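The two complexes that follow have chain A in common; it is paired with chain B in the first and with chain C in the second.
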Partner chain A sequence: MIDNGLLVQMILGALLGLSVYLPMAAGQLSLATPAFYAVGGTLAALLSTHGSSQSTISLWAVLGEMLLAAGLTAGLALLVGLPVLRLRGIYLAIATIALVEMVRVAILNLPFTGGAAGIFGIPQPFQKPFGYVLFSGGLLAVCGWLFQRLEASRLVRSMAAIRDDELASRCMGIHTTRVKLTAFVASAVLAGITGVIAAHYLNTWNARQGSFDVAITTLAFVILGGSRSWLGPVLGGLLLTALPELLRPVGDLRLVLFGLVILLGPVFFPQGLITPTLLERLGRWKP
Partner chain B sequence: MDTLLQTLLNGAASGGVYALVALGYTLIFSVLGVINFAQGALFSLGGYLTYLLLGGKIGVNGALPGWGLPIALPFWLALLLAALGSGVVGLLVERIAFAPLRRRGAEPLLSLITSLGAGVVLVNLLQLLMGAEGYAFPQGAAGLAHLPDSLLLGGARIRTIQVLLLAISALAVASLSLWLERSRSGKAMRAVAEDPTTATLLGINSVAVVRLAFLLSGMLAGLGGGLIGMSVSLAGPYFGISYGLKGLAVLVLGGLGSVPGAIVGGLVMGLAEALISSAASGWRDALAFAILFAVLVLRPSGLLGRRQLEKV
Partner chain C sequence: MTITATATPLLELRQISRQFGGLHALSEVSFQVKEGEIFGLIGPNGAGKTTLFNLLSGVTPASSGTIHWRGQAMQGLSPDRHNRLGIARTFQNLRLFTGLSVLENVLVALHRQPQGNGLDALLNSPRFQRHQSALRERALQLLDELGLVDQAHRQASGLAYGDRRRLEIARALATAPALLLLDEPAAGMNPREKEQLCELLAQLRQRHQLTLVVIEHHVSLLMQLCQRLAVLDFGRLIAVGIPEQIQRDPRVIEAYLGSSR
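Take a look at the complex of A and B:
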């Protein structure tokens, strides 16, 4: 049922879930992840197809692209984040949807991004999907390790404080703007480098990769997985990416069922699948 | 070559539809403080219902190819019934996606997800039933057949349907404003929007008001869908989603929760899009969001909105 190809997509889903989770851990509902994902993917597609028609690429070159994508998305996130993070709740969500749509239309219309068809023949660093499983799985493991390590850090505690009460945390001397911006930039960088891997894995890249739909699905990863611990979005990303594929036997009904999951999930599991109580019970993992 | 008058009228006509969608958001936002993301799907639904009620047949990729309603209603009636149908489905969305969360006092932003889920279900049911193909409305629908195809207005040729579009949306917007301003139930809705607790203490049934808001909001979306289907075509079940997003931009432009703001915002957006030269038409879709982004950053209360005071 789950082959290596699907496994890669599931891991990429988990990474995007983490990207949406980061600002949310600081109480900010940002849907900007697909915009940065699209920027990262487009950058990788442009760089690796520019002036060469080879079908393979060295892993070092891909790592270089990831570094560049991280720099570019971090810069963009700083630029956009400063004005946008002053907004709260639904306003921030709408502003970031606008950002996603602007990036989508830009990629669709820029003269060098291939229009609606996009960019084809992106070279591969690995010959088999299994290589991508190891590579993206490694990245996910590093992220998980970082999240777990930083759980007790000053930054992550400040994020949790802002999430619980922004005004009170500002009174406690937390530099809220800086903390929110840090979370936003980290989220953008993670989305950007995930885009680089996705572009190589998919072999083709176009404007539809970062659309409003992606904003919704990635948000659903966090909401259904649980937004109280980094394990939530990882689980949500893995499960919800696999779901439409596993539902393939039911044919055209699968997207209806997928919608039902998003519709009814928050009704029956308001805290998501991974709740603080569950983590408490598991003992070792303190939220 | 379009004359300026033509361009302006076309812009105003699509602006009227944007205003309808934005008003749908506004009604729900003002009573509940949330956004109903199923609005775009209800827009699609309205378009398809109108198509079927006009006697249109399901295409080859649908679940029942060649099937159609045994009736072909006049345009006016089809539009009205389709709007009503979307309104009823809007009520259903409230029951499934909003009411359970509200009863539990859950985080209001969760309803963002559930309403989106409702939208995904609706759009994909439409796709299942009607197929992904585009539909053009039956030509010469009853009630429109005797109208000329275009009118000569001040030296400019204007499609009759554009004039109708503008007239119908203006009528809908005007009657909605009048109803909110004058009628007892409209006043009740404004009271709930102002302060739900006080309104309930004054004996207003706030649950009924919320349901009414969803019914009306669904009707506005459905009406918009029918009108766009009539003037352009139905470009597949997802066609309402982009109108839903544009309506969101208009909502912010006018100021969240402001009725006149939604109307002015819709017109501004429609005219701005119409005035973009056809050479840059690919960028037209970005305009709404660039405006939206700029408004949020520079003036989050919108053109005609009230500045919100943060309660601590």
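Take a look at the complex of A and C:
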């Protein structure tokens, strides 16, 4: 039922879910994830197809692309984040949607990104999907470890405080702009390097990869999975990426069912599937 | 604690005004707060007391006039800068981190204490663990002082009203302030709790070498607690002085006590 190909997509979904979750953990509704995802993917597509028509690429080159994508998205996030993070709530959401659109239109119209058709024949570091499973799974594991370890850190604690009450956080001396910007940059970097992996895996890249639809889908990962622990968006990303594929036997009805899950999830699990209460009951994990 | 008249006041307001559109919330308010004293701020509803606190904590800027901290003008500083200078506050309408536990509320506010760097946190190094247990100990000690230690692991939203007010004080104290601004700390407390709070504040002042500015509607509590008081009425300062003076001041009686009785 779940083959390696689907598993890769599920893991990439979980990574994007984490990217949306990061600013949200600091109380910021940012939908900018697809923009940075698109930047990472386009960068990888351009670099790996430039001046060579080989169908394979070394893993080291991919890691190098990820590093470059991390730097580029971090720089872009810093530049955009400083003015944009002054906005709150729905206004921040709208500004980040605008960013997604700007990046999409830019990729569509730049002379070297292949227009609507995009870039083809992106070389592969792995010959079989299983290689991607290990690679992206490894990245997800590292991210999970980071999130778990940093739970007790000052940064994550300040993020939780800002989510509850930004003004009170400021009055407690927390440099809220710095904390929010850190979360935003980390989110961008994660989306960027996920984009690099996705571009190689998909073999082709175009402007549609980072559209408004993706913003909504990745937001649904966090809403359904739960936004109170990093496990929520991971679970949401895995489930909601798998669902349309698993429902393939029922034909077009699957889109209706998918919509129904997104609709009914918040009705029955208003806090998402992973709640602090659930984690407490599981004991070992701390929310 | 002796207060010398020549020393620079800890806090000095010079001709502070604040308008909201056409509303003069504060008009040319000037007074000084000396190091170590408990200073009361009273006035009828809408007199501008909370607005004044918002100015003192950097939440809203003054329309005109300056506020001096240890002789230095604080102008255009953000709330977090105010806190780092040593000014902490509580909120009249309670702004706890309700999603966090009581302990975490205090831990958040201890963010300037040594924590170990990010790498220490990642590796869960002995140094990080040492810092973490020191932080917890400090937080628990503060909670103990405020009588909240047995509720440390409850979620802040589940606390009783009086306990929430005390948690606000614990959280503000965790930022190691020199000046603590308390906005109606006794609101919603019963007479016995108010009595206890009075003693507690006096103790805290001693132990943490604090200067306190307290807004309170319960006038007799303030008369008992404070060395000096200021009275606001419609944004104007109508009297400053020791409790005995304030009680006898005809303008205060007219504006505050007289008109409401």
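The working rule: the second predicted complex is superposed on the first by the 287 of 287 C-alpha atoms of A that agree within 3 Å, B and C clash if a C-alpha of one lies under 4 Å from a C-alpha of the other, contacts with A are read in each partner's own complex, and residues count from 1 in each chain.
By definition in this document, a residue touches a chain if its C-beta (ideal position, glycine included) is under 8 Å from a C-beta of that chain, and two chains touch if they have at least 3 such contacts.
Since the model is a prediction, treat every value here as computed from it, not as a measurement.
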| item | value |
| --- | --- |
| Of chain C and chain B, partner touching more chain A residues | B |
| Chain B versus chain C as contact partner of A:153, first or second or both or neither | second |
| First (chain B), second (chain C), both or neither touched by A:120 | neither |
| Contacts of A:167 with chain B and chain C, given as first, second, both or neither | both |
| Common interface positions of chain A, toward chain B and toward chain C | 167 |
| Contact set on chain B toward chain A in their complex | 34-35, 96-97, 100-101, 104, 106-107, 109-110, 112-114, 116-125, 127-128, 241, 245, 248-249, 252, 256, 282-283, 285-286, 288-290, 292-293, 296-297, 300, 312 |
| Chain C-facing residues of chain A, complex | 146, 149-150, 152-155, 157-158, 160-161, 163-165, 167-176, 228 |
| Residues of chain A defined as touching chain B within the complex | 29, 83-84, 87, 89-91, 93-95, 97-99, 101-102, 105-106, 108-109, 167, 212, 216, 219-220, 223, 252-253, 255-256, 258-267, 270 |
| Residues of chain C that touch chain A when the two form their complex | 57, 59, 78-80, 82-84, 88-89, 91, 95-100, 104, 107-109, 111-112, 115, 118, 121-122, 124, 132, 171-172, 174-175 |
